[in-house]
Amino acid sequence: MIRLLSLALLLAFWQGAALLSDPRRLPGPIPVFEAIAQEAESGALFVNLAATLARVAAAFLLAMSLGAALGYAMGRRPALDRLFDPWLVILLNLPALVVIVLAYLWAGLTEAAAVGAVALNKLPNAIVVMREGARALDHELDEMAEVFRLRPAARLRHIVLPQLAPYIAAATRSGLSLVWKIVLVVELIGRSNGVGFEINMAFQLFDVRLLLAYAIPFVLLMLAVETLLVQPFERHVSRWRRRPARGQGLA
Amino acid sequence: MIRLLSLALLLAFWQGAALLSDPRRLPGPIPVFEAIAQEAESGALFVNLAATLARVAAAFLLAMSLGAALGYAMGRRPALDRLFDPWLVILLNLPALVVIVLAYLWAGLTEAAAVGAVALNKLPNAIVVMREGARALDHELDEMAEVFRLRPAARLRHIVLPQLAPYIAAATRSGLSLVWKIVLVVELIGRSNGVGFEINMAFQLFDVRLLLAYAIPFVLLMLAVETLLVQPFERHVSRWRRRPARGQGLA
Amino acid sequence: ADRLRLGLQKTGSGVWELAVISAFGLDKEAGLELTVTELANTDAAKIAIQSGSVDIVVSDWLWVARQRSEGAKLTFYPHSTAIGALMARDKAVKSVADLSGKKLGVAGGPLDKSWLLLRAYAQQQGVDLTKSATIVYGAPPLIAEKAAEGELDAALEFWNFAADLEARGLSRVIDLRKVETALGAKGAPVVTGYVFDEGFAAKSPAPLARFFAMIDKARHLIATSDAAWRAAMQRIPAKDPAVLALYRKSYVEGIPARSVEQEREDAAGLYATLAEIGGPALVGSAKTLPAGTFYEPAASAVR
Amino acid sequence: MSRDGAAALLEVRVSHKDYLSAGGRPQRALENFALSLPVGRAGAVVGPSGCGKTTLLRIIAGLDTEFSGEVRLPAGGRLGMVFQEPRLLPWRSVIDNLRIAAPLASEQALAALLAALELEEHALHFPGELSLGLARRVAIARALAIEPDLLLLDEPFVSLDDALARDLRARIATLIDERHVTTLIVTHDLREAIELADVIFLLSPRPSRVGATLEVTTPRKLMTKDAADALEARARREIEAMRGR
Amino acid sequence: MSRDGAAALLEVRVSHKDYLSAGGRPQRALENFALSLPVGRAGAVVGPSGCGKTTLLRIIAGLDTEFSGEVRLPAGGRLGMVFQEPRLLPWRSVIDNLRIAAPLASEQALAALLAALELEEHALHFPGELSLGLARRVAIARALAIEPDLLLLDEPFVSLDDALARDLRARIATLIDERHVTTLIVTHDLREAIELADVIFLLSPRPSRVGATLEVTTPRKLMTKDAADALEARARREIEAMRGR
């Protein structure tokens, strides 16, 4: 279907650009996939990918669950928001490097420090997005829930989460990618394996082919997750939205 | 008011933590602010901050305007969305390092390459958030606009933008911080000035005091922008939202 | 066996020695049990030692000197004298004077040791490089690539990148060893070394001494035995035999030949020069090489 | 404000209720407002558009606590409410909307309710797929599904056709007569008020107070057209008098 | 579907209009539906809840183009519409809502409209600060502000008190009689239909078609109570017949 077409188009672009340029600068898809196959054969790819994925997953879950809870609380309670907003702004704008270095210094070169540093980097972004979502919550449905004495769990599930869904979707998509990017930095500074470590090696050797060979599998994995899990799920939970009739809207 | 209290609290925490630990690992606020004053006196702080700010501003404007337009289009037109979604996922998950290295390789060690690389890193995040916003647009108001033959400019201003406001707010806040963080990396890899450059030097010398001295002014700047510009503006545009009555909601 | 925790840069030559050590069973022979944390770059090594996660890393004495001046109790034991070079494709570039008006790439940054040495050297000849040339700082691999490509007219690079560039047809305009000598060094001064905490050294002087002896053996093997070099080569990603040969040559040249005492004297001399150019931003508050920068084992543990 | 939950009367006493407005001036919705209804009886609230009827219901339901005055409610008891708009969960089907609000109701009871409101074939539809009248019916079904002891209805039968409205009025009347559900219904339709209520509260324009209270003494089942006409005429006179004020 | 814009009749001919439903089965809203109204006259649409009245208005307004059939409209002309819900911009004040929809209307004209709808003191309020009745009045003001040539009203007067509804009906009647605004009004109130319309379309239950067309031959101003009663009785009979079908 259209998704494959789109990918084919992209591959064609890439191949075209590669043909026009020095292979050292931009190797084409074929050598890159060869390199991927090579790394896969030696097993190195999987070891590193697994290490990175585990870090991404742990940091993401930590940051998202904490971020959603805090963002929701701050969006709903103006007093909390006023108190912690400056902290949020500070954490948001603290360079990743600073957080990572401090985390390693304080907790040693440990896995916990790595994951914690990444989570701390992503946390404020999750809070910011979820806070906007909580602020935009429909007051009328709240009143309905209040009148019908819905239990907290039911409110969360039937009233709050469906309204936060687009914000969660946005925070998840950009969040996963952010976490992955920071994991790469964390691995570069204080881990002995992982995709970030390998990418740095490739960069030191200036091997763009190897660089891409380590960058792409994660991208493909995300593409698969998106296609096979996220989008079907999204379609399912948003099937109540009315399809816009044709010929309308600004665009 | 409460904002100052919150900052005072944070400073107190910092001072407390600093007292408990080796000053080389976590210098307290006083030596850090001394270092800031020192760098400010020599003028180096302003030169570097200005260079970084210029890059942040350029990349942010580029990424946000492009991202908002593309995200809106993708949110409104399912066909476009289906075609470009895979590209989006790929761009989103391409490591910053890969984009930056390729940009420097292709466009030379130039300012344009730096700003372009940063914008390209932020672009997919802006698209993702704005796309969710566009998907959640109220269909009924669109119909109203259609019936009353509102001109495109009026639709954009009165119908679309107010609904996208929370998404724009989320994308801007987390976006500015993301751009700033990537600018630091870009400066680290291939620029000869800027806060990222200085931070990298401080890091090489392992001078945490200097590291913080360069990280904090930008954070303070963002805090000021947030307090003096963003929040008053936000209060103004969201004054139509009903204040939730007391004692309601889940939280 | 005594346990030592090492933090080694995966692309560094420390790893080669380790390959030889394990291939020839030198660690068992020395009664040491080595745990190695591989690190991505020198900065990671600095974090590793500061956070207490490893006992020994490889870094440079200048950094140790600065940390000492700030109160850290780190100390240094020589490992290699390998130092970078100024590389250019244009054969007309023969001296610092020829760099005027040219685009010069500097790997690392303005406080990089090689760069400061080169500036001091140029100053001796009446050239202020920061004014006469356009300086571009950047990450070492990127600077190397840009030099190879020709976007930069010349590049000041670390020794391994210099070897790469040489293999790609660039010539060594100025070897920084020459610069060191010109600046008053008596021999080839040490550049990198093993860095560890004084407290650690005080607690386990004997294992440390055995460790240094074992490293010496490994280095000697790499220099003399092709079997050892083959073991080390396993750890080198570059496959081009010409480059590999250059690596070995540079490595062997970099093996420190002098006593720690001589090294300290040279280092103290260079330190004064560097402190003058780099200023307190580089060296911190100390004006002279802080005492104890070079490791002084207690008399009983001397090999 | 104060709330109290142990009376045999539903009593509301609001000395004043002000809305702080973001645009424009603050507005006083209620002033010297007093209303009481015996438990188990039905009251109708009739008043000009924008006078404060919904405000009253929200105060009784405990949704608005920012007023000066007090509310006394019969102890315990379940509250059922039909808001002026449907307020359904757009992301849940009709039947799920009922299930969520009334988790204790049996599936048969819900099915029977859907049938009574002619909603059977819409059970699986999402609210966005319903006409407004259908959605309002779902909201009525929801309020009835919890088997309320106190029922607050804010113009429940607008947007419904006459036949359906008639059926539903009969149904509510039965609830009041047989299950003694305390009921307060806001309506603009005097006939509807007369048909359903034991007491009719005629509200004055804003700031609103109860300008007149009409007792419907004839039992619902014995009400003749003439008696109703007479009551309606009396109510109209009172309303005119308040408008002229 | 096809749309055509040059007739002296407003004509709608829908062979069928189906809704594809996400939950539940697809629904047929209209079937063999035909309706025509001379330009400058008023039609009333009366039909059971959920039969397809709003669907009809949306088709005429061009908001729904996914049906098989055709619509003919008088050429050119401005369209004014009162949706079944207010559909105001929540982030704009009442007066700004009018200004945005009717940028050409003068400030005096808007002020006069607000006065006519008893909204003066709410001009600066945001829609969230209005009662539903007030919001509906703003929606009516908005539709009138653009001085429409074709006016589509979806139950415009529900949630308004009798006095106000009477005033507004009179105002719309004047528009029809004097400015010859082609008007289609959906209502459940037969008296309202008789008072305002020249033709009454009685719709059948879903899938809906025009089950009966009643011409109101007596001119609006001359209509007596008896004549109206007679018409209403006839309409009720027709409606009963359709329900029984």
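As written, the chains take the letters A, B, C, D and E, and residue 1 is the first residue of each chain.
We take it that a contact is a pair of C-beta atoms (placed from the backbone, for glycine too) under 8 Å apart; a residue touches a chain by one contact, two chains touch by 3 or more.
Everything numeric in this text was worked out from a predicted model, so none of it was measured.
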| item | value |
| --- | --- |
| Intersection of contact partners for chain B and chain D | A, E |
| Chain located farthest away, centre of chain E as origin (C-alpha) | C |
| Separation of mean Cα positions, chain E and chain D [Å, integer] | 27 |
| Euclidean distance of C-alpha centroids - chain A vs chain E, Å | 49 |
| Whole-Å separation of chain centres (CA-atom averages), chain C against chain D | 84 |
| Computed distance of Cα centres, chain C from chain A, in Å | 38 |
| Where chain D touches two or more other chains, by residue | 22-23, 63, 85, 126, 129 |
| Contacts with two or more other chains, residues of chain B listed in rising order | 25, 101, 105, 143, 146, 159, 203, 239-242, 248 |
| In chain C, residues with contacts to at least two other chains | 43, 50, 139, 142, 145 |
| Chain C to chain B touching residues, read off their complex | 42-43, 46, 50, 63, 66-67, 70-72, 108-111, 135-139, 142, 145-146, 151, 281-282 |
| Residue numbers on chain A that touch chain D, as the complex places them | 140-141, 143-144, 146-150, 154, 158-159, 162, 237, 239-242 |
| Complex contact set, residues of chain E against chain D | 19, 21-25, 27, 47-50, 53-54, 84-85, 93, 121-126, 129-134, 137, 155, 158-165, 188, 190, 239, 243 |
| Chain C partner contacts - residues on chain A that touch it in the complex | 24, 101, 104-110, 187-193, 196-197, 200-201, 203-207 |
| Residues of chain E defined as touching chain B within the complex | 58, 61-63, 78-79, 81, 83, 85, 87, 89-92, 100-103, 126-129, 142, 146 |
